[in-house]
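Notes to accompany the following structure.
The letters A, B, C and D name the chains in turn, as written, and every chain counts its residues from 1.
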Amino acid sequence: MENPFGKVKTLEKVLEVFYNGMTLMFGGFGGVGSPPTLIDGILEKGIRDITLIGNDTGFPHIGIGKLVSQGRAIKVIASHIGSNPIAGKLMHEGRLEVEFSPQGILAERIRAGGVGLPAILSDIGMENELVSRNKPHFLLNGKDYLIETALTAEVSIVYAKKADPYGNLIYDKSARNTNPLVAMAGDITIAEVEEIVPLGSLDPNEIITPGVFVDHIIPSKGVNWKWAWE
Amino acid sequence: MGLGVDFRNTIAKRAAEEIHNGMVVNLGIGIPSLVPNHLPKNMMVMFHAENGITGMGPSPEKGMEDENLCNAGGFPVTLNPGGSYCDSTVAFGMIRRGRVDITILGSLQVSAQGDLANWIVPGKKVPGMGGAMELAQKARKVIVLMNHCDKAGNPKIVTSCTLPLTSAACVDMIITELAVFKVTPDGLLLTELFAPYDLQIVANRTECDFMVSDTIRKIAN
Amino acid sequence: MENPFGKVKTLEKVLEVFYNGMTLMFGGFGGVGSPPTLIDGILEKGIRDITLIGNDTGFPHIGIGKLVSQGRAIKVIASHIGSNPIAGKLMHEGRLEVEFSPQGILAERIRAGGVGLPAILSDIGMENELVSRNKPHFLLNGKDYLIETALTAEVSIVYAKKADPYGNLIYDKSARNTNPLVAMAGDITIAEVEEIVPLGSLDPNEIITPGVFVDHIIPSKGVNWKWAWE
Amino acid sequence: MGLGVDFRNTIAKRAAEEIHNGMVVNLGIGIPSLVPNHLPKNMMVMFHAENGITGMGPSPEKGMEDENLCNAGGFPVTLNPGGSYCDSTVAFGMIRRGRVDITILGSLQVSAQGDLANWIVPGKKVPGMGGAMELAQKARKVIVLMNHCDKAGNPKIVTSCTLPLTSAACVDMIITELAVFKVTPDGLLLTELFAPYDLQIVANRTECDFMVSDTIRKIAN
């Protein structure tokens, strides 16, 4: 395969970047747009004590939920865990620390990390203990705001429809969701893609994530879980 | 009229009256999801989903689902002409910028001041707030559709919410199987009654005081 | 023309939204991607005392530079005015107030306004008087940052390649630049477009600015200035 | 070697050695714009422009210009295979996130500590900083290409900049027509000399002290 940037890798090779105790950010929303092959690879490699950052904890057997259900995470930063009861159970048993962030603010915190900004100001959920706990406030033009800090991760994993060998990515429909944000926020970003196409074959106007942000590309084996609606 | 789909559709049908051509509307799960069924066929409404869809259409036929085209709850939907996809920051940017005209939500409790408590189910674990806070705080109009009382018969329209708030003073309108209320700076104003209910029944099943409009619209079922 | 949302307008009609003393945000970078027909319309209508917000002041006879050169602006918030010497002259004569912002931070301030965030934190140009003057500081994790406030405008004008009747926009090559950000930041946003295509004919994956952010659409008469390189 | 295109190309050629396959590189105007001419033909380098281009290619032939495909200076360029367009926030996101490997800039002055003063031309009006501050502060490596002295013969490598700073302590390497310096925590280190110059000439034309590498590479013209 054409690989002039050396970014196209095997699953085995990219699994070398994962380690116990790491911070891992993942794309996806309710499992839609989460990278199945990478998640299975991380599971099979036995990686544990992970701090996970992403929209939600999927379903018990869907998306990142697989890692959570098997007790591989010690902490999750997410907007909700309601669709994965095992996450709730682990949290209440004190085996999983959960930091909740309002969904749109979580997305902005990830984006801020991705574009190298340290924080944003927000007025969402200010009166809510769960949101405002331990967060600094700032008075701007007489109005009180929370300082919501940027999020980055040692490794980000995303799922895309197509990549070229530079790692330029396009996404499919609502499977885009948090993926373009997560792709920018990783110190190392790995894209799992349905198809790798030749350099120059993607319309440069349609590329959503420039390959600049992508370090490794692997071909996907496709979604291997049964969706909740199936 | 009793429990079941009928009164749910009565509520949804009334909510549909609030929607006008060209509006951007976000629907919660439950009764709100029935609202599109009650819109005129030729009305152009852009349904918004937090995961990055504008112009969401109805569920696909069985067997026609696309695993990469799902709503914020993870269930398959379709896309109407003029629809588009965006990332989650842009989807929430629409909400915070005031470009979402209406959000129609279910709720556990609503107070006389329009406080909304819809994100922690009593007796269940804390699931996280998802996108509920942004929608409640920032949609231009917040409409709550819910049963007038909970399963134990306790009023859900209360003087002060006992459940944790999603957001304070954010609700504009409440529609139940009994009545329609507007939230005003002075408290709730009952504007409509669903047949066969009367003011006394509504008062009995509502914890807080409410004002009554000079002209009450009575809606047949 | 198919116009189910009533957003497609004539130039004459949209010129009703402009008024003396208004805040006007414009897309474009060195004139590339600035809307020529709207700019000429504003000029011809005689609108003055404008506060302009955008990347730069174009060239004297290119892009927003036309308005600046004719003295229609009382204030500009931009990252540079170097390519328009008339802007510099007016500034030094005290006839044009100029607030400079580092280019990427300016873009983020516009975006913040567009997505309803009140401000961002930044460490760009902290020691520079021109950047940090009058801006609040915030100490986060022991490091000092500037609070850079969001920018919005009463009206935003952008230039796009195609729109459908809902105002979904796609841009052409580097003429995208600040346009998608400016499109979100206007209380009212007007898109001048090269082509209006039927609803449903744009690939929903390729749309850059969702029509949600666009209030009015007018067909462009095309660029009518001579570029610096011509 | 004298003034004019020759020494400019000598400087650009040396700068090109710093670029490796797969790098993301932002080039300023002036001498930096000559750098691509000195790269191996098959090397894959992604040139970055602040207005939202990755993978910028050379200027088009006369008559083939596209008014919607211009660099940050407003002049027509082309796009190489693998290139893409983005909005300005993403273009600067690449810079601030540390994804731009090298920025190659001109300068008016550089100090022994690597302070950069390249945005206010003496005697001219303040034009604004454009994207210079972000590039100087956040690109992974900042290389300055410039004449060793200004037109009046004054050293541009100085103990302390007298012109307003673009950014403090940001320059990693200086390449002039006389020599190459690395900026170290202890000050400047001369590592290379261009023929026919010697250390004495460089010292005479440099305001600040500098260290000299144990092994000086001498580059022929």
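By definition in this document, contacts are C-beta pairs under 8 Å (C-beta built on N, C-alpha and C of every residue); 3 or more make two chains touch, one makes a residue touch a chain.
Quick caveat, the model's predicted, so the values are computed rather than measured.
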Winner on C-beta contact pairs when A-B is weighed against B-C: A-B
CA centroid of chain A to CA centroid of chain B, Å: 30
Mean-CA-position distance for chain D and chain B (Å): 57
Distance from the mean Cα position of chain D to that of chain A, given in whole angstrom: 36
Chain B: positions in contact with at least two other chains: 79, 85-86, 89, 92-93, 95-96, 138
Contacts with 2+ other chains: residues of chain A: 108, 115, 117, 123, 171-173, 176, 204-205
Pairs of chains in contact (touch as defined earlier), listed by label: A-B, A-C, A-D, B-C, C-D
In the complex, chain C residues that touch chain D: 29-33, 55-56, 59, 78-83, 85, 88-89, 91-92, 98, 100, 102-105, 107-108, 111, 123-125, 127-128, 130-131, 161, 171-181, 208, 223, 227-229
Touch list for chain D against partner chain A, complex: 21-22, 24, 44, 46, 48, 54-55, 79, 81-86, 89-90, 92-100, 138
Touching residues on chain A, where the partner in the complex is chain C: 108, 112, 115, 117-123, 136, 138, 140, 143, 145, 147, 149, 170-173, 176, 203-206
Complex interface listing, chain B residues touching chain A: 49-53, 65-76, 79, 85-89, 91-93, 95-96, 125-131, 133-134, 137-138, 164-165, 167-168
In the complex, chain C residues that touch chain B: 4-6, 114-117, 164-166, 168, 184, 199-200, 202, 204-205, 207, 210-213
